[in-house]
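Same chain, two partners: chain A is paired with chain B first, then with chain C.
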Partner chain A sequence: MEQTIRAQTTLPPKIGFAEKWRRRLFGNLRDGILTMILIAAVLGLGSVAINWLVINAVAPWSTADLCREATGACWPFLVEKHRLILFGTYPWEQQWRPFMASLILLIGVGVSMVPHWQDKRLIWVWLGLAVTFTVLMRGGVGGLEYVQPERWNGLPVLLMLAIFGLVFAFPLGLFLALARHQDKLPALRAIAVLWIELVRGVPMIMVLFLGLFVLPLMMPDDIKLNPLITTMIALVIFHSAYFAESIRGGLQTVPLGQYEAADSQGLSWFQKTRLIILPQALRIAMPGILNTVLGAYKDTSLVVIIGIHDIMATAKMSFSDPVWQRYGLEAYLFVGGWFLATCWCLSSYSRWLERRTS
Partner chain B sequence: MRVLRSQIFWQVAAVGLLIWLGYILAQNIEANLAKSNIVLSFDFLSAQAGFDISESLLSVSATSSYGAVILAGVINTLVLAVCCIVGATIIGVMMGIMRSGGHYLGERIAGLYIEITRNLPKLLILLALYLAMVTTLPVVRESWSVFGLIEISNRAVYFPIVEQGFGLWWLWAMIAVWPIAICVLGKVARRIQDKTGIRYPVIWPVTMCVLILIAGPAMIGLIDYQISWPVLKGFDFAGGGRISVQFVVLVLALSIYHGGQVAELVRGAIASVPVGQFEAAKASGLSFAQMTRLVILPQAIRAAVPSMGNQYLNITKNTSIALAVGYSDLVSVMTTSINQTFRPIELMTVSMCVYLGICLIVSWLVNIYNARVIAVRA
Partner chain C sequence: MKVRFVLPAAFAVLAGFATQANAGPVMDKIKAEDSLVCLVNTNSPGFSVPDSQGVYQGFNTDFCRMTAAAILGDAKKADIRGIGFSDSMKTIVAEGADMASRSITRTGTRDANPGMRFVVTTYYDGQGFMIPKKLGVNHASELNGATVCAEEGSTTLLNIADWFGDRNIEYRVENIADKSARLQAFFAGKCDVLASDRTALSSDRLLADNPGDFAILPEVISNEPLTLLSRPDDAFETAIYWAFQVMLNAEAMGVTSENIDGIMADLANQPKGVQRLFGQDSAAGEMAQQIGLPADWSYQIIKQVGNYGEVYDRHLGPNTSFDMARTATANALSQDGGLLYPDPIR
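Up next, the complex of A and B:
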C-alpha cells in the first residue's frame, strides 16, 4: 500500500500533446485572456506583414512596371538598386573593389573573434587590413584606377568607420581606463575622468558635429582634412570613453590580492598590468565591451546626419529618383536585414563567449 | 606615502603635453578665425535669429534672438525626452514583465521584440517609421477623424484645446492637485494599514474625485471651458492644438527602441528578486497583480534604479536624432544657427553645457534616490 502511494506521487502525471498546450496557453483565466490578446495581435500584424511582403508584392524576377499597380512590396526595386545601396556612386565597373574591401574587413573581424588567435599578431593583421583596404578603395597604385574619397559610399564606408573607429578606440579606451583606475598619478587620473565624463555627457551627434565644424578650425592652414577622417577621429574619441568605462568595470573586479601578489613578485607596473591584471579584467569585461561594440556599430549609421554617405545614405539615395520614390520601405528593409544579420552574429558571439568562460 | 620621482615626471609630462597641444590648437583656431574676421564672443546670442521654430512651448518667431531660439530648442529637447522616457518605460515594463511572467507565448513574443530592437539602429527605426507614416497617413484635406475629436494627417495630429481663461487655470490646478492628493492620501492610507491592517484604495477614488471636480462645475454652468476646435481652412487646420507628425514619430521610434533595453533591465531586475519572494507571495494568497505590484516590483525597482537612470540619460541624449526628421530640438537649432552665423565654437559650447547640465542633474537625482533606497534596505 505504501509503495503504491509513493509510486503514484513520484510519477509525473501523463498529459497528452493537446493537454500540454492547453495548460501552456489557457492554464487559467489570466493566461487565457493574454493568449487571446497576443494571438489577435500576432495575427493582425502578421497578416499586414505577409500581405505586404508576399501576397500583394511583386516577385523579384518580374519586371518593375508591375510595381505601379501593386499595393505590396516591390522586390524588383531591390534587384535593380542593391548595388547602389551597397556601394553607392563608386564607379560601376570598379565595384568589385569595395566588395573585396568589405569582404576582407568582415573576414578580419571573423578572424579576430577566434579566442585562440587573440594575441599580438592581430595588431599586424589590422595594420595590413587598413593598408589593403585603403589601396583597394583609393586605387592609384598597382594599375588600380584612382577613385576620390567623395565617391566612397555605402557598405565599405559603414564598415570602415565602425571597424577602424572601434579598433583605434580600443587602445585609447584601455589607456583611459587604466589611467582612471589608479591613484598614483592623480593628474593623469583627472584628465581621464574629465575626458570620459565629458564625452559620455553629450550625444554622439554633438561629437560628430565637433569633428565636422571645430576640428578643421583646429588644423593649421596647409592641412585639409577629409570628412571621412574627421568623422573617424570623432568616432574614436566618442567610443574610447565608452570602452574605458566597460574596461574599468572589469578592472574593478580584479581582487586587490592580485596586485599585491604581482608587486611581491617584483614585477614592474607594465609587466603587472599586462600579465596579471588585464587578462583577468578583460575576460570579465568582455560582455560589456561587446555590448559597447554592438551599440557603436549600430550608432555608426548616425554619420549620415553629418553628410557621410554610409549605407543609410545610399538607401535614401536609391529611392530619391522620382521613378522609384515609392519604394523607400523596401530599401530600409534591405538595410535593416543587413543590420539584423550582422548584429545577431555579434550578440550570438557574445553569448557564446559568456557561456564558454563561465 | 612617499612620492616617487617617476610619478612626478609622468604627471608633469602628461599635463605638459596636454597644455602644449591645447596651445597649438588654440593658436590654429585663432589664426583660422582671424582669417575670416571672426572674434570669439557670445554677443550674437542677443542678435535677431531670423529663423522660425515650427513648434515650441515658448512663443518664438523670426524676430526672436538667438538666445530665445536656443532656449526654445532646449525646451523642445526636454519635452521630447520626457515623452520618450514615459513611452519607453511603459513599453519596457510591460515587455519586461511579459518576458519573465511565465506565459509561454508572451515570453517568446517579448523575447522577439527585445532581440529585434537590440539589433536595429535607432536611426533606421526612426526613418522607416517616418516614411511609413508619411506615406500611409492621409493628406491634411482628407485627414482621419477619430470620433470627431482628433484629426490625424500626415503633417500633424490636431486636437481641441482649452483656451486661456479661468477654465484653463482650473484645469491645470486640478492636474497639479491629482498627484499631490495621491501622495498625501497614500501616506495616510499606509499609516492606517500599518495600524489596523485595513487597506483603503487611494488612486481610483482620487482620480474619480478629480474628474468630477473637472467635469462637475462645467455641467452646472459654473465654469465655461472655452474649447477651441481644429477647423479645416484652406490647406491647413486653424484653431485647436497640434503635434507635428515628426514629434509623434520620434516619440514612437525612441520609445520602441529604448523599450527593448528597458525590458531587458526590468527582466534582469525581476530575476534578481529571490524565488522565495514569489513563493511566499503566492502562499499568502496574493493574486498575480497583487504579487507583482506589492512584492516583486518594489524589490525589482531598487535593483533597477541605477541602470534605469543611465537608460533615461541615454534616451535624453538620443533625442538628438530629431535632426534626421526635422524636429527643432537643441541640436537642430544649433546646426541652423551655426550655418547662419558661423560661430561653431560658441554654439557648440552652449549646447554641450546644456547636455552636460542635464546629465549632472539626472545623475544627482539618481544618487539621491539610491542613497534613500540603500538607507531603507539597511
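Up next, the complex of A and C:
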C-alpha cells in the first residue's frame, strides 16, 4: 500500500506528447499570445530568408545574366569570385600555394587541439609550420616563384595573423602572467604590470598603428620590415596581455598549500611551476583563454584599416568590380559563413574541453 | 642629298651618347629587371579593381600597361601592385616603386617634393553633386538650406565649405564615414545632396534601385587633375609622357588596336602624321633611339593597350556600367572641345 502511494506521488501524471507541448506553449492566455507572435515572427523572417536564399535566388550553375532580373541572391557571383575572396591578387596559376598554406595551418590547429598531443613537441610543430607557410607563400626557393607580400591576400593572411599571432602570444602571455604573479623579482614584476596595463588600456587599432609606423622607425635603416610581420608583432603584443590576465586568473585559484607542498618536496621554482602549479592553473583558466582566442580571431579583420587585405577586404574587392557591384550581401554572407563555421568549431571545442575536465 | 644621310647618322651617334648620359637609374633598373613596378588603388571601381583572376583592371591600370608596352615591348611586364593605406607617394619617394597610376591629384605642394615627379594628367575629375530628380533642382546654386551627405574628414567637406561659403548658401552636413551607409542614407532621402568626385558619383548612382531617379548637377566645384606619378628620371619621365601622347595622337588620327595592323601593312600610303607616329625611320623611330626605347614602341602601345578613347570607353564609357559621357567634357580631345591636347610627334 505504502509503495503504491509513493509511486503515485513521485511519478508525474502521464500525458501525451501533444498535450505536453500544448501546456508548454498555450498553458494560459499570455503564453498563447506570446507563442502566436513568435511563430508569426519566425515564419515571416524565415520566409523572407528562404525567398531570398533559395526561391528567388539564381542557382550557382545558371548564368550570371539572370541575376539582373532576380530579386533573390545571385549565387553565380560566388562561383565567379570565390577564388578572389579566398586568395585575392595572388598569381592565379600559383593559387595552390596559399591553398596548401591555409590547409596546413588549419591542420596544425586541429592537431594542437587534441589534449593527448599537447606537449613540448608542439613547439617544433609550430616552428616547422611557420617555416613551411613562409616558404609556400613567399617562394623564391626550391623552384617556387617569388611572390611579393603585397599579393598575399584573403584567407591565408587572416589565418596567418590570427593563428601565428595567438600561437606566439600564448608563451609570452604565460611568461607575463608568471612574472606578475611572483614577488621575488620586483623589477620584472613591475615590467609585466606595466606591459599588461598599457596594452589593455589602449584600443587594438592603436597597437596596429604603432606596429605599422613606429616599429619601423626603431629599426636600423637597412632592415626593411614587411608590413605583415610588423602587424603580427603588434598582434602578439596585444594578445599576450589578454592571455596573461586569463592565465593569472587561473594562477590565483591555486591554493597556497600546493606551493608549500611543492616547496617541502624540495622542487625548484621551475619544477614547481611546471609540474604542480601550471597544470592546475591552466585548467581553470581554459575558458578565459579560449574566450580570448575567439575574440582575437574575429578582431583580426581590423587589419584592413592599416591596408592589409584579409578575407573581409578581398570580399569588398569582389563586389567593387563594376559588373558585380550589386552583390555585396552575397560576398559578406560568404565571409560570415566562414567565420560562423570556424568560430562554432572553436566554441564547441571549448565546451567539450570543459565537460571533459569537470 | 648628302646632308639628308649625314644628319640622321650624326643624330644616331649623338643619340647613342645621349642615351648613355641621360638614361637614368630608374630606366636602367626597369630594363635590367625586365619589369616595371606600378602602384594602383586596391579598390576603385572603373579605375583599378582586381578581376575574378585577381589581376587589376581599369582605366588607371592601362597606363601602367602603356608604359610597360613602350619601354619593355610587353604590356604584361607591368608589375601592377595594389597599395592601400601606406601612401603611394611615400612609396615612390622611398624608391619602392617606379610609378603610380592611382588617381593622384597634382597639387603645387605635392609637386614641390623633389623625390617624385608628376608626369602627365590622364583624367580631369572634379567634385560635384548628385540629387534626386524629384527635388527639382537644376543648379548647385539652388541648394540653399539643403542637407549634404559627404565623407567624414575628406577634402570634399573643405571644398563644399569653400564653394557654399563664397556664395553665402546655407547648408547642413551629414557626416557619414562608411560609403554604403552614406549611399543608403542618400537613396532613402535622409539627405538632399550627395557630394563626391563626379566619377565616384556616376558609379554610386548605379547602386540605386532606380538610377534614373537621380541626376548629377552640372557644377564642378574643384579641380582634380589625376596625374601619373614617377620616380625622378629624365628618360623615364619622357617615355611616360610621350607614350601618353602617342595614345592621344592615335585617337586623333583614328588609329585603334583593331585597325593598326592593317595600317602598318600599308604605312607608305597613310597620312604623313600616321607615318611619323608609327614609322621606325621617322619621328617615332628617332625618339625611340634618343630615349632608349624599342624601335616599335608606338606600335606596341596601340596594339596592346589601345588609344586613349579605347581605354576610356573600355572602362568608363557608354558600354560600361559607368556610362560617363566624354563629349564636351574636359576629358575629350582638344579638337572636340576638351583639355586633352595631343602634342605633335615629329
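Just so we're on the same page, the second predicted complex is superposed on the first by the 347 of 358 C-alpha atoms of A that agree within 3 Å, B and C clash if a C-alpha of one lies under 4 Å from a C-alpha of the other, contacts with A are read in each partner's own complex, and residues count from 1 in each chain.
The criterion applied here is as follows: contacts are C-beta pairs under 8 Å (C-beta built on N, C-alpha and C of every residue); 3 or more make two chains touch, one makes a residue touch a chain.
Keep in mind that this is a model prediction, so the values were computed, not measured.
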{"item": "Joint occupancy of chain A by chain B and chain C, clash or fit", "value": "clash"}
{"item": "Which of chain B and chain C A:Val141 touches, first, second, both or neither", "value": "neither"}
{"item": "First, second, both or neither for A:Gly201, with chain B first and chain C second", "value": "first"}
{"item": "Chain B versus chain C as contact partner of A:Val114, first or second or both or neither", "value": "neither"}
{"item": "Chain B versus chain C as contact partner of A:Leu185, first or second or both or neither", "value": "first"}
{"item": "Chain B versus chain C as contact partner of A:Gly328, first or second or both or neither", "value": "both"}
{"item": "Touched partner set for A:Met317, first chain B, second chain C, both or neither", "value": "second"}
{"item": "Broader residue contact with chain A after superposition on the shared chain, chain B or chain C", "value": "B"}
{"item": "Chain B versus chain C as contact partner of A:Cys343, first or second or both or neither", "value": "first"}
{"item": "Partner chain in contact with A:Leu256 - chain B first, chain C second, else both or neither", "value": "neither"}
{"item": "First (chain B), second (chain C), both or neither touched by A:Leu29", "value": "neither"}
{"item": "Superposed model, chain C segment overlapping chain B, candidates 7-15, 97-105, 115-123 or 187-195", "value": "187-195"}
{"item": "Contact residues common to both interfaces of chain A (with chain B and with chain C)", "value": "305, 316, 326, 328"}
{"item": "In the complex with chain A, residue positions of chain B that touch it", "value": "7, 10-12, 14-15, 18, 25, 28-29, 31-33, 103-106, 109, 115-116, 118-124, 127-128, 131-132, 135, 288, 317-321, 323-324, 331, 334-335, 338, 344-345, 348, 351-352, 355-356, 359-360"}
{"item": "Chain A - residues contacting chain B, complex", "value": "24-25, 30-31, 34-35, 38-39, 42, 184-188, 191, 198, 200-206, 209-210, 213-214, 217-221, 294, 298-299, 301-302, 304-305, 312, 316, 326, 328-329, 332-333, 335-336, 339-340, 343-344, 347"}
{"item": "Chain A residues touching chain C - in the complex, by the definition given at the top", "value": "80-81, 83-84, 87-92, 95, 148, 150-151, 153, 212, 227, 305-309, 313, 316-317, 320-323, 325-326, 328"}
{"item": "Chain A partner contacts - residues on chain C that touch it in the complex", "value": "42-46, 49-56, 81-86, 180, 203, 206-207, 320-322"}
